[in-house]
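Once you've had a glance at the structure underneath, I'll fire off some questions.
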């Protein structure tokens, strides 16, 4: 199903699935952060501001605090994300906020995730002789263990990305949530457990495409996007540019 | 001799002696700092800016960087000391500057000074049951050991203030210079040595009124204030208010 | 914290949030930009057993001692300053043992606050070597684990219950703006468990949006704010007003009724009467 | 430093102060407010064996790798960002071993810079527990000497030879003003041995005197400044200009002559030609 069609019919696209399900981790009155290389969490935070009937603090890597950006930038660290902000809360400040335990929800990137919710953003292969050198440590090693909840996303759901054994443990502590084009995981008793799956996928498919074992107790199809969620995403990406750029497919 | 008379004749008063001899520790192109409870060093820094034919950076506890205060404040931490400043360099910043070794000259208060140039600003008597509770640690314990040079002053030259044994070692590391109403000491081979004495005093008087032993090699009467120094001090304290407030007597 | 009810509340309600026994990091320095109306209100409400955490307290710690509201202090340098010399009631409180002092260098107190702000149990601090303060406070040195041979003093984490900041301007939501030096207010606001603010006035949200770089504390770190014009009296609040020297001089008189007269003269009293 | 000769010098002279082998803390983040004209000038001058110290380098580290000017990097996260993905020449340089990486979390790099800024040999850093980065870098834990039972990672001091800051405005004396987020520029300017600045323009001294609170780096910490309009190209400099996406896209092409064409298109080249 094309993005346009899915927006019209109210079904999920891979793009809307990830953005919206990231947004659903946002809770009232909390402090939520989105960082660099994080267009989808940025959209999720902006979506949550529009779609949900509660207030929360949205801070971002551009120093913005509850900003009103005049446009949604391609770069999730673009200074436009501090537009309309009444304060600049720059990098030292938001990292300190996290290490002292006040970051409620932190969106963090990952190349590989294991069943404990640990992440690798460093390398594919051996660190000292990598097949692929990845972006590197970033926020993870400090924020993942210190944020109250951290959530990541993968645009590809596969045994290459959701692995039994990480090539390198860049960050431990464990994700509270993981969103892929076909599934939402949340942490339960120290391990990632399936919370729901894309209604066009199935539990079997999720199991088949996931490298780690997981519990699927109480899991079911993900509830469809609400009218408010759809309207918010449509207003954030009216031309479908972000959807195209993200290039997310279910399979 | 009254302050007024000394200003006219060009001789030293106790007040002009301390302020001017503090100023003479200021060197070209260096970073010099004055803090709280420090009216005399504040005047010395402002005097040096006017009287000496070289540039230096004057930073102060009010956050000022080379300020042009519209008036000379009674409080040496008055925000007027940041007037005309193009930057605010606040407390965390100037302390860090000092601990990382970039503070060239730091004026620090002291109640007692010993022959090693260590200071007590904590108490007279036993710390746990003091006869007099003094202001306390302040800049000293961190700045005295880390500033490139630190200089202090005492408005009373006596065996109570210049002591063989401190009641409490608030700060070690050792002063580079000490100025009293009758003498200027500078550190030589790890101990305070007499550099010069007030021309109306004498070496014998300085020895008699100093609690610690010191070398007086090469010491002689302090050279009189230059016309530039006198003019600067007169412009900073035209009504003699600071001179009166300081209440400094030779004996 | 970010999205609760109205943040701007009367001073009496602001002070009422502080229970007996609390530790308070008070903004400003000596007679400059201290939350003095707030401190007087604590006294009026009969608060007891408080702790002041401040690198350079003066009038604030002195009046709390004078009123018998203080039992502990962590401080660097304490004085009235501005020709007024020592803080006399503080001095007596320490000499008599009524108040227990943890004496710091200003920078060691900052280091302890940094440990809290950075979420670590201790903070290395330059200098201190040779000072009796180290043994007095039980401060330990740590050898550089990377072999430089340097040993550095570690200051234990200091996390006040409250930071109380005296500001020039706040937004309706509680963003805080300060002119001139911010003293240690930034680190206080990042280390305390809760942040309370007293401001001279409200400035339009638009002015904060125009210059967000000027905001010292963002609204979501601020629990509540009171607007008290002249609230730093008898101290200064740059650039709005200077020290009221005659008022400080009157305060310094040691005679019956002086404290009560002084408390009655606080601008916050007139303000409250108008409400 | 404070009172030397004229601080504002041509970009070629500014870059010429950096010897081969220097470590450079580069301001900004990814494609935003980086000292990119400065980096290109280093390449034109044939600098070799440089080290980049930056929490989130991107274009800057990539072009230095592409030109063979880099041998070492201490970095948190490296990417082009803004849909351009990985930094390809950086990636190859690491994979081939041409550049030696010390991989950090952004906050551990900040901790190392803080150690230098605060004048201590190491800095505790929250988190890190369970990360392979600790063993990789030989980071050691320190037990809280005050008995909390917490163990915290200590990051060794990181003191770059230079911090290079891309500013919106400077005063004639070199006071530095930046709009929007300051990224890690403040701690870079306090930890490096020398501070160089590239600014979009000179603003009147009076404007700095009117709002000294906006100054990020005071003049006396700044060794020299160059004025290069559009100097952060092809990145953004808020609020003056946005990312030049077509220029970045052209840079990303892997073909002969692309780097030379890109270097020739730098606004600093036109600027120098006018001088």
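Per-chain residue numbering starts at 1, and chain names A, B, C and D are given in the order in which the chains are listed.
Simple rule for what comes next: a contact is a pair of C-beta atoms (placed from the backbone, for glycine too) under 8 Å apart; a residue touches a chain by one contact, two chains touch by 3 or more.
As the structure is a computational prediction, the values presented were derived from the model and not from experiment.
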item	value
Third chains touching both chain C and chain A	D
Pair exhibiting more inter-chain C-beta contacts, B-D or B-C	B-C
Euclidean distance of C-alpha centroids - chain B vs chain D, Å	40
Rounded Å distance, chain A centre to chain D centre (Cα mean)	28
Mean-CA-position distance for chain B and chain A (Å)	59
Chain D, residues touching no fewer than two other chains	118-120, 125-126, 180, 182, 212-213
Multi-chain contact sites of chain A, meaning residues that touch two or more partners	63, 82, 88, 98-100, 146
Touch-based graph of the chains, sorted into line, ring, star, complete or other	other
Listing of all chain pairs that touch each other, if any do	A-C, A-D, B-C, B-D, C-D
Interfacial residue positions of chain C with respect to chain D in the complex	115, 118-126, 140, 142, 144-146, 148, 150, 152, 154, 156, 178-180, 182, 211-214
Chain A-touching residues of chain D, taken from the complex the two chains share	29-33, 55-56, 75-79, 81-83, 86, 90-91, 94-95, 97, 101, 103-108, 110, 125-133, 136, 180-184, 186-187, 236, 238-239, 242-243, 245
Parts of chain C lying in touch with chain A, wherever the complex brings them together	1-4, 116-120, 171, 173, 175, 190, 205, 208-209, 212-213, 215, 217-220
Interface residues, chain A side, partner chain D - complex	36-37, 39, 61-64, 73-80, 82, 88, 90-92, 95, 98-100, 118, 121-122, 127, 129-146, 168-173, 245
List of chain A residues in touch with chain C within their complex	28-29, 31, 54-57, 59, 63, 65-66, 82, 84-89, 93, 96-101, 146
